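As written, the chain order gives the labels A, B, C, D and E, with residue 1 at the start of each chain.
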Amino acid sequence: GASSSSSSTGSDAASGDTIKIGIFEPKTGENGGGGAQEELAIEYANYVRPTVTVGGKEYKIQLDWQDNQSDKTVAVTAAQKLIADGVVGVVGGYGSGVCIAAGSYYSNAKIPAIGTSCTNANVTLGNDYYFRACYLDPFQGEVMANWAYSNGFTEVATIDNIGNEYTSGLVKTFTDSFTVLGGTVVDSETFQTNESDFKAILTNIKNSGVKAVFAPTDYLYAPLLLNQAHDLGLDVQWIAGDTWYSNVLIQDAGDNANGVVADTFYSEGGNPEFDAGFKEWLNADASRKATNLDTDAIVGNHAVSYDAYMLLCDAIEAADSLEGPAIRDALAALDESEGYACGPYKFDANGDAIKNTSYICQITSGEWTYQSTETVQK
Amino acid sequence: MADKNVVLNIEHLTMQFGGVIAVNDFSAQVKEGEIVALIGPNGAGKTTAFNCITGVYHPTNGKVDFCGETIANSFKISHTPDEITKLGIARTFQNIRLFPKQSVFDNVLIAKHMRAKQNPFTATFRLNKSEEQRSREETWQLLKEQGLDKYADWEAGSLPYGMQRRLEIARALATGPKLLCLDEPAAGMNPQETDELAEFICQIRDKYNLTVLLIEHHMNLVMGISDHIYCIDFGKMIAQGKPEAVASDPKVIEAYLGTQEERDA
Amino acid sequence: MISYLLQQLLNGLSLGGAYALIAIGYTMVYGILRMINFAHGDEFMMAGYFMIFSLAVFPWYFAIPFVILCTIVLGVVIERIAYKPLRSAPRMSVMISAIGISYLLQNLANYLFTAMPQSYPQIDILKHVYTFGNISVSRVTIIAPVLTIVLTFLLIMLVNHTKLGMAMRACSKDQETARIMGIKVDNIITTTFVIGCGLAAVGSILYFTDRNTVQPYSGSLPGLKCFVAAVIGGIGNIQGAVIGGFIVGICQIVITAMGYSVFSDAFTFALLVLILIFRPSGLFGEKAVQKV
Amino acid sequence: MKVKEKRNLILSIVAVLLCCLYLFILESDSVVHSYAITIIERSCIYAVAAVSMNLIIGFTGQFSLGTAGFMCIGAYITGVLTIPVEMRDQIFYLYGMASWLHDIKLPLIVTLILCAVVCAGIAALIGWPVLRLKSDYLAIATLGFSEIIRAIFGWDGLGKITNASYGVSNIPEFKSIFECVIISAVCIVIMILLVNSSYGRAFKAIRDDDVAAEAMGINLFRTKQLSFVVTSAFAGVAGGLLAVYMRSAVTSTFTVALTYNILLMVVLGGIGSISGSILGAFIVTGSQEWLRFLDREYTWSELIPGIGNTGFGAMNVPLLRNGFRMVVFSLLLMLVVLFWNHGLTGSKEITWDRLINGAKKLMRSKKEKAVSEAE
Amino acid sequence: MLEIKGLSINYGGIEAVRDISFVVPSGQIVTLVGANGAGKSSTLRSIIGLVKAKSGSIKLAGKELMGSSTDEIVRNGITLVPEGRHVFPDQTVLENLKIGAYLRKGNLDEDIEKVYSIFPRLKERSWQAAGTLSGGEQQMLAVGRALMANPKLIMMDEPSLGLAPIIVNEIFEIIKRVNEVGTTVLLVEQNANMALHVADKAYVIENGRITIEGTGKELLKDERVKKAYLGTTA
C-alpha cells in the first residue's frame, strides 16, 4: 500500500506546494513500541488530511520521520535534523524525557511542537513553543487516587520505577491525593529501569496484605508484574496509568490481566467516527496492522497523536501562515471542538491542553471495558 | 657492622610458594667491584633469589641489605621494585623484557624518568625543558658508548637477539646502578656471542664502577669472568668460593655440572 | 515471617539458577579464548525470540530442543564469523568484535521483531503453581536451581574426565601446543560455544518463562549480571560461575526486598569489587602469578 | 628534514584555519546549520571522552571502563551549578533543591574545572583499590564503579542535590559552537602534551611490560593512578560538556552502553592513537546520522525515478524501515573490526607525512593503472 | 623420509627463511644449527603447519604436506617438541602424556610404560602438575609427550635451552635413545658442539639460507663452523 513519506532532499519547507511536518518519535530503544503506535495514528491523520490551505494555496503535507531512539542525546540530533529539514511544526513524542531534551531546540528555532503522550510537566513549562495534546501526570494520579478510594480501597501499595518521571510523578501525586482522601499507602516499592524480576517486591507486597496496588509503570513492566504476581499467589486489584491501557496486555498477561484498572486519554467508543475510520484504514494494510501488534484496537496514544496532528494543521490554517511564531500564536489562541478524537481542545498558559476528564477502563473477561469517567476540578 | 666493601648482604633468605621452598636459608655477600655468579640446576631458586633482591617477591624469611640499608625482609614490605631501582640495583630478565614496540632510544630514555626532577604538571606544560634535554643527551651518550646508536630509531623488538640482550643491559645501566643483576644473559646465544658478552660485562664493570651479580648456565662464561661463585640446589647453598674451587666441588659436579666423562660423551 | 523469608529465598534461588546457567557460558568461552563474549547476553535474548516462534509451530517438547539447536547454531555462526578471523588479532579487537555482535543482535532484533516487548509463550508444564500455605511457587522456580546443579555436575564431569574435556583444558592453556598434539583447536572452540549457547538457551527458557516478555534489550542487563557472577566466581571456573550466579541472584532479591532497589545493581558490583580486592581473581579463580 | 618540518607546520596552520573558517560559516547562520553544528558538537565532546579513555586503555594498557560513571559526575555537577536560579524550583519540583545550593550558579568554565577536580579526586580514591587489579578484572571492577556512581546519583536520598534520577534539565546551551570546540580542543591538547611527556613514556612502558617498567624505577601504582586520574578528570569534563549539549543530565544516559560506545570510537580509530580516537568519535557520531535515511520506508518510485507509474513503483522497499539504520551501522562496524582489526589508523598517529605518502602511493598506483591500461 | 624443497617463509615484509632445501633420511638424527634468528624455529614451525610458508614443498615419505592443517600433519606421523617446552601447566604429568596421544585410539598403558622406562623421573612425578616441575623435568615431559604420538619423525626445537649442564647431557642421551628405538629425529640446537656430536647429518643455517652441510663429524672439523658456532674455548 502507499505510505506517506518524505524525501530528505528538499530543504525548503514550502518548496513548491508541499510543506513538512516533523514526527519526533522513538522508533527504537525502550519506548520504540509506543512510538510506533503513535506514528501509525499520525500516518492515518495524514491520510485523512493530506493538505492544508494557507493563503488560498493548498499545500501537500509531507511527514518527516526522525527516530529519537528513546535516547536523550540522540533526541537532540533528531530534533536538529527536523529543524534542518525545515519542518513547519513538530508532532511528538512518546516519553517525556526526549521531548524535554529536544524542546529548547524547537523554541530556539521558533518551530511549534505538539506533544502527544508526554505527560511530564516540564515538557511545556517555560517553553513557549511546546504544546501538549494530552493531560499531565498529576492529573492522572489524582484520578486514580479518587477511583481507588471511592472503590473501597483504603490501604494500597505503590510500585515506582525509579528514574522514570512518568511513573514517579504519578506515584507521588497518587500518594498525595490518596492520603488527603484519608487512605494510606502501606507499602511503597521501587524498582530500577530494565528490571525484569519483581518477585522480591511482589513478595513484600504480599506480605503487607494490601488489597490494591497502584503501579503506573511503562507498559513494558505490566505483563511482568501481573504474571509474576500470579506465580506468587498475589491476588490484588491492579491500578495503573494510561500506559497499561493496551490490548497487548491482554495478550501478554492472559488471564492474569483480568481486573486491571487503568485510565486513558481516550477509550474506544468515545468518538465512533474516528474509531471506524481508523479501523478501516488499519485493516486495509496488513503491515499497519502488524505494527499495531495485529489488532485493530484503538488506544489513547492513537487518539492523542491523531489530535496532535490535527491541532497543528488547524493552527497552520488559522494562522494562515507557515511562519513558526504565527502558528504558535494560533495554537495558543486555539479553541476548537470539532474534528478531534478526544473532544474539544484549548490550551492553557503553559501550552497544555485543558482536560479535566479521564476514562477509566477495566479488563473483564479478557477485554477492556469502559468503567467510568472521572472528572477532577482544577 | 656492615663491611664497607660489602655492597649486597643476603642473610638467611627464604622464599616459599605454597609447599615449594624455592630459596631456603640462603646467605651470601657481594663485595664492591666483584663479579659474582649464582649457579645451580633448573628450579634451584636462582631467579627467585633475584626476585627477592629486586623487590618483585617479598621473602618469607631473612633479609637483604644493600649498602647498609635493609631493602627486603619478612616484615617490612615497603620496598617496591622501583624503589630498589632508585637505590641503585638494576636488573635484566631471564626472558628478555624490552618494550618491543618502542624505539631503542625510548627504551633507554624511559630509565631516565625516575631520576628527572619533574612532576606531571611541569612535564605536561613543558616547564622542565632542561631536564628533558639532559635525559635525552645522557641517553644518546649511553647508546653511543654501547654501540647501539645506529639502531636508535629501530623498534626494539626487531633487533637481532644478541642486540636485544645488549639493549636490555644498556637500559639497566641507564638507571644509574651500583649493582647490576643479570639473569642468564647468555641464554640462547651461541658460543661466539657468549664470548663477546663476557668481554662486554667486564668492560662495563670497569667503566661504570659496577658490581655484578650474574646467573648463568654457560660454564665457560661463568668460570671465565666471575670472582666468586655461589652454587645452590633446592634453594640451599651447596658450595661457594673461587671458580676453580666450585668447579671441582663434588657436590656441584653431582648436582649441576655432571662428570667430565658425561660431558664428553 | 518464616514463610516470607522462605518465599524470598526461593525467589533468589530460581533467579540465581538462571543466572548461573548463563554465567557458565561466559566462563567457558573466557576459559578457552581469554575473551569476554559480550554477545552472550544477546544470544540469550535471541533464544527468547526463537522460543516465541517455535512454540507457535511446535508443541513444547519439540520446541525446547529446537530452540536449543537454533541458539547453538547462532552461537557457532557468530564464532565463525566474528571471532575466528581474529584469532591472531589483538585481544581488544576481539572484544570489540563481541561488542559489535552484541550491537548487531540487538539492532537486528529491534528491526525484525520491533522494540515492542513480545509476550513469551507459557509452557504449561513449567508454569504449574504449587501452594504451600502462604508460599506459592511455580514449577520453574524449583526446576531452575535443580537443573542448574545437575547440568553443572555433568559439565564438570565432561571437562575433567573425558578426552574432549582434556582437549578443552589443553586449548585453554596453550592453543599452539594443543595443535601440535593433533587437536583441532577450532573444533574444540566450537564445541565450547555449543555448550555455552546450549546452556544459555536452557537458561533463557527458565528466565523468560518466569518473566513473560522478550524485547531486544532483554539480554543486556542479565548478560552483564551473569558476567559479574562469572567474575565473582573466578572467571574460567565452572563451579565458580554457578556459585557466583547464585550469589548475584540471591543478593539482588535480598537488596530489593529490603527496599534498596536503587542499589541492587550497585550492590552486586560493590560486592564484586570487594571480592576482587581480597581475591583478585575471584572466589575460585586460578591465581594469575606472573613468573618473572 | 627541516624543510619537511616547515611544510608540516604550514599545513597544520592551514588546516586549523580552514576548520575555523568552516566553523565561522556554520556559526554565521546557526539556525540553518543547526544540524551540522550539533553533530560537530557531539563529535567533539565524544572525542574528548574517547581520547581520555585512550589515555588509560591505549597508552597505559589498563583496561578501565569507568568512563560513563565519571561523565555522569561531570554532567550532574555542570547541570546543578549552571541551570538558571529562577528555574530551579520548577526543575526540582519533586524534592526541592537544597537551600545552600539553591543560589549557587557558576560560569561554565568554572564548573568544568570543578568537574575535572572532583572527578580526579574520586578517581584517586577509587584507583587505590581497583588499580591493583589486572585486565578483565579491572575492566569489570571499573564498570561496576561506574554503575555504582550512577546508582548514587539516582538515589532519592540525594534528591535535594541531584534531583535523583529525574535529572536536571534546562541547562543553558553553548553560546556558540566555538565554546564547545575550543574547550574540547584545549582538553585534547593537554592530553597530547601529557602523552608526549616523560610521563607519557612511563605510561607506555607500563602498557608494554609492567614488570620491566617497575625495574626501570617507575612506580607502577602512582603512574597508573596518574593516568587514571587524568582520564577521569577529562571524562568528567566531557560529561559536563555533554550535559550542556543535551541541556540535561540524567543518570539513564550514562549507562554501560555509553562506555561501550566510546570504547568503540577508541578501537575503531586505533588503540593508542589520539588522532585515531578523534577520527573515531567523528566517524561513529557522523555515520549514525548519515545513515538516518535508512530508517524510513521508501517506495521504489522514490528511489528509482520513472517507475512510479508501474504498479511496482508504489510498493515499499521491504528492507528499509525502523531500526534498519542501526543494523547497517552495526554491520559496518563489524566490517571495520574484522578487516582493519588494528583500527583505522593502525594505532599510529595520523601525521602529514603519512597522509602525503599515502596520497603519493595512491597517485602512483593510479598512474600505473593508467599506464597499464594505455598499454 | 622428510624432504624439504625451496622453502621460503615471510613475516610481514621480513624474509625469515629463503629457499631452504634439505632431507631427513629415515632413522637418522639430522640437526640444524645456526645463530639466533637464523630461521631454524620458523622452519620447524612451517613443517608442522603452525606457520604458513610462502613457497616450497614439504614431503613426508613422498606425500605433500604443504598447506595441510597442523592436526593432519601430526596425523601423518610428525611431531614437534616446541621451543620452551610448553607443557600444559595445570594438568598432571600423566594427563600431559595422554594428550600427547590425543589422535590415537586404544590402550595407552603400554606406551605410557614405555615413556616411563625412558624417563623414570616422570613416573615418580606422574601425579604432579606439570607447571611445578623443574625445567629439566619439563623438557623430559615434553619429549615424552611427543613420543606418545608414536611419531615417525620427532622434531625438537632447542631442547637444551636454559638447562643446567648436567641436564643438557641427559637430554642428548635421551635423543640418542629415542633414535635408537627407531624414530627419526630432526634437531635444532644452539649448542652446536653437542648437537654435531650426536648428528648423522647437519646443516648450518645463516640468515635464512643453508650455507654449510655435511655429516656431524665433518662439520665439527669445519673451520667456519668452529669459528662461528663452537666458540674459542670449545
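A few notes on this one:
Just so it is clear, a contact is a pair of C-beta atoms (placed from the backbone, for glycine too) under 8 Å apart; a residue touches a chain by one contact, two chains touch by 3 or more.
The UniProt protein names, listed by chain, are B, E = Branched-chain amino acid transport system ATP-binding protein; D = Branched-chain amino acid transport system permease protein.
Keep in mind it's a predicted model, so treat the numbers as computed, not measured.
Least step count on the touch graph, chain A to chain B: 2. Where touching is counted per the definition, the chains common to chain A and chain D are C. Centroid analysis (C-alpha atoms only) places E farthest from chain D. Of the two chain pairs examined here, B-D and C-D, it is C-D that is joined by more C-beta pairs in contact. Put simply, the C-alpha centre of chain A and that of chain E have 75 angstrom between them. For the pair chain B and chain E, the distance between mean C-alpha positions equals 31 Å. Between chain A and chain C, the centres computed from C-alpha atoms are 37 Å apart. Rounded to whole angstrom, the centroid-to-centroid distance between chain D and chain E, based on C-alpha atoms, equals 51 Å. Counting partners per residue, chain C has 107, 110, 114-115, 220, 262, 265, 292 as the residues that reach two or more other chains. The set of chain A residues that touch two or more partner chains comprises 27-28, 32, 36, 162, 192. Taken residue by residue, chain D touches two or more other chains at 154, 156, 165, 211, 322-323, 326, whereas all remaining positions touch fewer.
Per the touch definition, chain D reaches chain B in the complex via residues 190, 193-194, 197-199, 201-202, 204-205, 208-209, 211-220, 226, 230.
For chain E in complex with chain B, the touching residues are 35-37, 132-136, 158, 161-167, 169, 172-173, 190, 192-193, 227-234. Here chain C touches chain E in the complex through residues 163, 166-167, 169-170, 173-174, 176-184, 286, going by the rule given at the top.
The touching residues of chain D, when paired with chain C in their complex, are 57, 129-130, 132-134, 136-137, 139-141, 143-145, 147-148, 150-152, 154-156, 165, 211, 256-257, 260, 263-264, 267-268, 271, 321-324, 326-327, 329-331, 333-334, 337-338, 341-342. Chain C makes touch with chain D in their complex at residues 30, 36, 38, 82, 85-86, 89-90, 92-93, 96-97, 99-101, 103-104, 107-108, 110-111, 114-115, 220, 224, 227-228, 231, 235, 262-263, 265-266, 268-270, 272-273, 276-277, 280-282, 288, 290, 292.
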